[in-house]
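Below you'll find the structures, each written out as structure tokens.
The same chain A turns up in both complexes below, where it pairs with chain B and then with chain C.
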Partner chain A sequence: MTDTKKAKHHREPWVHIVKRDDLPWWKAWLIRISAIVIAILLVGVISTLLTKVSFLEVYEVMIKGVFGRLFEGGSTTMLWKFLQETAILLCLALAVTPAFKMRFWNCGAEGQALMGGLASMICMIELGDKLPYPVLLGVIFLTSMLAGALWGVIPAIFKAQYNTNETLFTLMMNYVATQIIKYYVYIEGGGSNTIQPVAAGNLPIIGDNRYLLNVIIVAVLTVGLFIYQKYSKQGYEISVVGESQNTAKYVGINVKKVIIRTMIISGAICGIAGMLLVAGTDHSINTNTVGGQGFTAIMVSWLGQFNPFIMVLMSGLVVFLRMGAGKVADTCALNASFADIAVGIVILFVVGCEFFIRYSVKFKHSNKEVKA
Partner chain B sequence: MGKPVAIELKNITKTFGQKVIANKDVNLIAYKGEILSILGENGSGKTTLMNMISGIYFPDEGQIFVEGQEAVIASPKDAFGYGIGMIHQHFKLVNVFTAAENIVLGVNDGRYNLKKSKAKIKEICDKYGFNIDLDKKIYTMSVSEKQTVEIIKVLYRGADILILDEPTAVLTPQETDKLFDILRNMREDGKSIIIITHKLNEVMEISDRVAVLRKGENVGVVNTCEVNPSKLTELMVGDKVELNINRTEPKNVADRLVVNGITCYSRDGVKLLDNVSFTAKAGEILGIAGIAGSGQRELLESVAGLQKLQSGEILYHNPKTGSIENLRDKTPMQIRNLGVRLSFVPEDRLGMGLVGNMDIVDNMMLRSYRKGKGMFLRRQKPKNLANDIVDRLQVVTPSVSTPVRRLSGGNVQKVLVGREIASSPKVLMVAYPVRGLDINSSYTIFNLLNEQKEKGAAVIFVGEDLDALLELSDRIMVIGSGRITGTVDARTATKEEIGLLMTKSEREREGDNND
Partner chain C sequence: MIITFICRAILLGVPLLFGSVGEIITEKSGHLNLGIPGVMYVGAISGVIGSFMYENACGNDIAAMNPFLSVCIPLLCSIIGSVLMGLIYSFFTVTLRANQNVTGLALTTFGIGLGNFFGGSLIKLVDSDMPSIALTKTSNFFTTKLPFADDLGAVGEILFSHDFLTYVAIAIAIIATFVLKRTRVGLNLRAVGENPATADAAGINVTRYKYVATMIGSAVAGLGGLQYVFAYANGVWSNNAFGDRGWMAIALVIFALWNPSLAIAGSFLFGALCNANNYIQGLGTETQELFKMLPYVVTIIVLVFTSMRKKREHQPPESLGLSYFREER
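So, the complex of A and B:
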């Protein structure tokens, strides 16, 4: 023991991690924004190293990849594609958010959106020439929401009744949904693995902006969900159940009911995302229609701290990087995974900077503080 | 004092953020072969100070000297290097391991040889008088046994300075006596023992010296033999506090809640409540005494509609309509819809009574958010209520939109009790309402309970401090192992009487086994 006592006689450690008080909101945001800036710079550096394209040119390529020639007076096609992809990702992120607030880990947005899309597809094919257009749209809207809600409520019922693990359950439901789509495509496509785009039951085009309606629908959902979570009684119940089921029971909230109701909402919004993809975008369906965005959405929801308005920014950022880095990879003959790497770097920084918001790092006994 | 110094703190300061000063310029010496009590109200910085000695926190300023040499303690491992061991309030043991396995866990002394280690542990046990089965798994142990394992663990690692954080909070009086005997043995052996506590009688009983902390500062170190409890209280709170609770005679007493033979089982089939019957009367405080975990929680939760019952009935006499409602098998919602004015301050404040991450306003709404038509919340009334409670009960908080988890324990409890009495209850159940609270907050709570009693509520008060129970209650019902072992008049009963009732069922059971 005396040995250890002596051995321990070293200097005081270099740094201490100290918990902070709550930072004023603007300081916290300064840290977050600087994290994003640093991350984007890092993406640029890595791109330069990999491609030998000059540093600034990387960003030029990126911006062109996202906005096309918009800033040179060109068409707005690329901009709309950017908005469309952001809207879809945001829609899925909005969908999982109420469930997450309730600490119900809905990893099944992918499958729920696929089922919503399938419902749209079936309506378009089967009812396209039988119903007047406005009625058809209404039917598509409702059935898609129902299908998504159904896919979401099944795990919720099992969770409420038997306390099954919702993460695994919702994940498995994704595979079931994918197989159902596969089967449907096989039947409808006559074995060709594709369904030709259907002309009936497409969402209307406002002006000549193909995706404007999609963007509007998601914008309405964003505001709606914000209000629902913050100002409605049901939203309050979701928070209470998420924070503590014991408290919820103590004040007489029917926890099972809240779980089931919330997952119906979550699934229904996923269903809307599926409808926007099928009736509003592709006019067809395949197993890749949602393309893994149901999982990206989970991350967007977390990054946005379950606040719909912050999620708008986060989904925009993710889509910007995905498209931009994709373009860089294209132009410079890099592997397509480059886009994933870029997104990964930014997320690492965004998540990592939360540490510096909650804690400060102190060097020795000086009172200097180092911020991100 | 001719004794050698074990550890010395010089000008220790620790702040959390800019606002909270946990310790300020604390100087303290602990000698070898003595028991030093650190006394202070909740939030006075006792635990923070000890956490700095045991390597959990690092001081912002000041120095620590161990046996005269300056020590840098940046982690619990460093602390062990200096022979400092801390026994925390919440035990840090691996449940599925045996006592012996837990004790040797993390000690790097050559090859893992449990047999050899056990011999060494036995030696320690014999030396200080521990009595424990080393092959018993932690999850089958009582709280007191777990604590014993923690203490042996620290000794096994060669600690010469032992810090115990509120060691008696979870023990029965008998277990406390046993612990104190062991602590005295260790003192004889030359160990330096520091206990953190806020129980005055224990300070008087066990310690040689007392250091009193107030608001993070050391306000005085005194020899125990030269002081009395009221002097210590004075030091602790700054100015003299009236220790008497004003107990009025019950008025307009009437049966309010009649419980008949309720029985319930845990999920594993253990009987938690065994044929419990009692009556809570309007206008009086019914105290419930018992060793922790004897069924108090289940009893209150049964009434609140949170516990499934196998048999019995819970009858509420509605003073307004004169009707009698059976609350058994009803949900909290159904109970409320029957017009039963029942309030419940549960033991687990932040895990059940309140939502820690929500602000005071939103916590006020927990009971009432359904009120009003439509799907949207109305925050105006809860906000007024929150402001009112903050003013009236002197809740220390930056604002009513501060998350309650950031308030201190006493303020959290004021918020919770404030909300529960705001609905002017006819039955008010409170579980351990002053646990962890400083003296001033405790009296605020006691006064609120008295106020409710005078307003004609039937107050059911589950407590652990027998002195407080005897001073506050009108009748005291004692529960042991899920059974009611007796009810006494609080004005005439003695602590010994209640203590005997508390352990009655245990002894009866042992008697059964011997037959």
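So, the complex of A and C:
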């Protein structure tokens, strides 16, 4: 063993990594933004190579595809669709954030939202003609929050009590939820794979836009979660538990209680997302209602540094890429999965660039710090 | 009927076995690779692309195809594809120390996207009526049975009637168990996964072990995708057909308590659970759907029980999911 150490001493590595002190915020953001820009350029290059459409045209197709003919004074349909999808993704990202801040890897947003949606669906079908409209809305709201919270709190209880691995537990809960939905859809749809849209218990439409209320609800949630995390005692407890469970215990925080309480909140917000999808948008449910966004939300929350307002931008970016790349694929007769590849590339770049924020790379013969 | 049921369970279980053995090897180095579903898609599509090119090069004529090449080309392509995915994952999580869960999920999105993208493009290329691409000729070579399998009756059918990748999967699982438990390399790998700082102090090259384990793990997992396409689906690729099997493979890791040999039995049990609904008389379709959640429920129960009993050899690797930076201890 001493031999290897001696050998290492003689042969100094040509590059080594040093932990940085805190970088000023604007430098950190410069790195993040350049990573996003590089990734988007890379997506553009790949599109150009695949379709032989010129480089700038790719972005033109993307922007026009997402924002529709807004600039030519035409319809705003696509813009509203963009806002709606951003709102839903943001809502799920908001939901997982308090849990992540506590270092609880809630990978079950998908299932929690599905259960919330299922609760709304059952209320709409079973109670739709029995309750007056305002009461019905209240019942839908409460039951979907409860259903989401229930699905989230089961792994939390076991985590708190026995330290069961929550990443794997929440992951498995997604598929249990999916199968329950399949079961319910089969029964309610009379043997088909679809439930016809239900007219009762739909969220009210403000003005003449069916997505506006969804966007407003998520906006309120965003501000609410920001205040909760930053200014409330519970929010502070979450960050202490996340930093170090031992510190939390030492200062007298009941760690088990915080874990369970936070997952109830996380699950409940997922439940709201499910309600927005079912009662607010589709008026029906199937296994694809959430469509894998529970997983995308995890990445959005991480990219947004657990800050709700940055998460707004990040979910906007992800949805823009997804819709834009989808549009590029559509116009150039590529397969629609091109959008997934684009989103994957951008997320990998942003996750990877954190390295250059936390560490600096030093080369052997120069004292200058090199930033890639 | 019971024999078909067992054979079917084994056939369904083998992709899961590949996936979970690959994931166990990776997790033993302390890396929770949630990108395995994506890796399996890439493994499958790389094999499909390889075999597609070879079939075309032979003019789609089965007589012109060399049996050895038509097995080896997809195999090699699949391994290259999935090792590249493993390389991406280890570059981000080992070298750049990025968050493992986020990297893994991004890799899954990316890999499934790649699979469906190339799959969809190939389907368009052959311009068929069905939304799928059939490589039945290559599949025939993959599913060639042992010559004496039919002579041995029921025993022969259960033990010897499978495609060769099934035996490869079992062999890999047994070898992996042996290497992990009985060799110096395995001991070092487990040390890296349990406590990288200690391993580093003992002179083990932590980075190299993590890279190699992740890449070998991905290669093994990718074979699961290949087996699915060429043995289970008879060489027919259609987009999203592989489904949630990648996640089920990750579930199987827990069920097998991080022991590749147990994963063999576990994968056949999962295959049986996935399939049992078709063999129980008088089940309505709605009850069948409830039956399909059994593998996941069983996994949750195993997960809860192992964490309650706190038996040391049944726990996940100590540093699973944490990145290691030498100067930070």
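Brief remarks on what is shown
We take it that the second predicted complex is superposed on the first by the 337 of 372 C-alpha atoms of A that agree within 3 Å, B and C clash if a C-alpha of one lies under 4 Å from a C-alpha of the other, contacts with A are read in each partner's own complex, and residues count from 1 in each chain.
The criterion applied here is as follows: a contact is a pair of C-beta atoms (placed from the backbone, for glycine too) under 8 Å apart; a residue touches a chain by one contact, two chains touch by 3 or more.
No experiment lies behind these values; they were computed from the predicted model shown.
By the document's definition of touching, of the two partners only chain C reaches A:337; chain B does not.
By the touch criterion defined above, A:236 lies against chain B but remains apart from chain C after alignment on the C-alpha atoms of chain A. Within the superposed three-chain model, A:175 lies in touch with chain C and out of touch with chain B [touch as defined at top]. Of the two partner chains, chain C is the only one that A:164 touches; chain B does not reach it.
In the superposition on chain A, A:249 contacts chain B only, with no contact to chain C.
By the touch criterion defined above, A:130 reaches neither chain B nor chain C. In the superposed pair of complexes, A:191 makes contact with chain C only, with no contact to chain B. Looking at the superposed arrangement, the partner reaching more residues of chain A, out of chain B and chain C, is C. Of the two partner chains placed by the overlay, chain B and chain C both lie in contact with A:19.
Common to the chain B and chain C contact sets on chain A are residues 1, 4-5, 19.
Of all residues in chain C, only 32, 34, 88, 92, 95-99, 101-103, 105-117, 119-121, 124, 202-203, 239, 244, 247-248, 250-251, 254, 285-286, 289-290, 292-293, 296-297, 299-300, 303-304, 307-308, 310, 316, 320-321, 325, 327-328 touch chain A in the complex they form. Chain A makes touch with chain B in their complex at residues 1, 4-5, 7-13, 16, 19-21, 231-234, 236, 239-240, 243-244, 246-247, 249-252, 254, 365.
Interface residues of chain A, counted against chain C in their complex, comprise 1, 4-5, 17-19, 105, 107, 158, 162-165, 167-169, 171-176, 179-180, 182-183, 186-187, 191, 292, 295-296, 298-299, 302, 333-341, 343-345, 347-348, 351-352, 354-355, 358-359.
Contacts from chain B toward chain A in the complex involve residues 16-19, 58, 60-61, 66, 69-72, 74, 78, 81-83, 158, 304-306, 331-333, 335-336, 344, 346, 348, 351-358, 362, 365-367, 369-370, 375-377.
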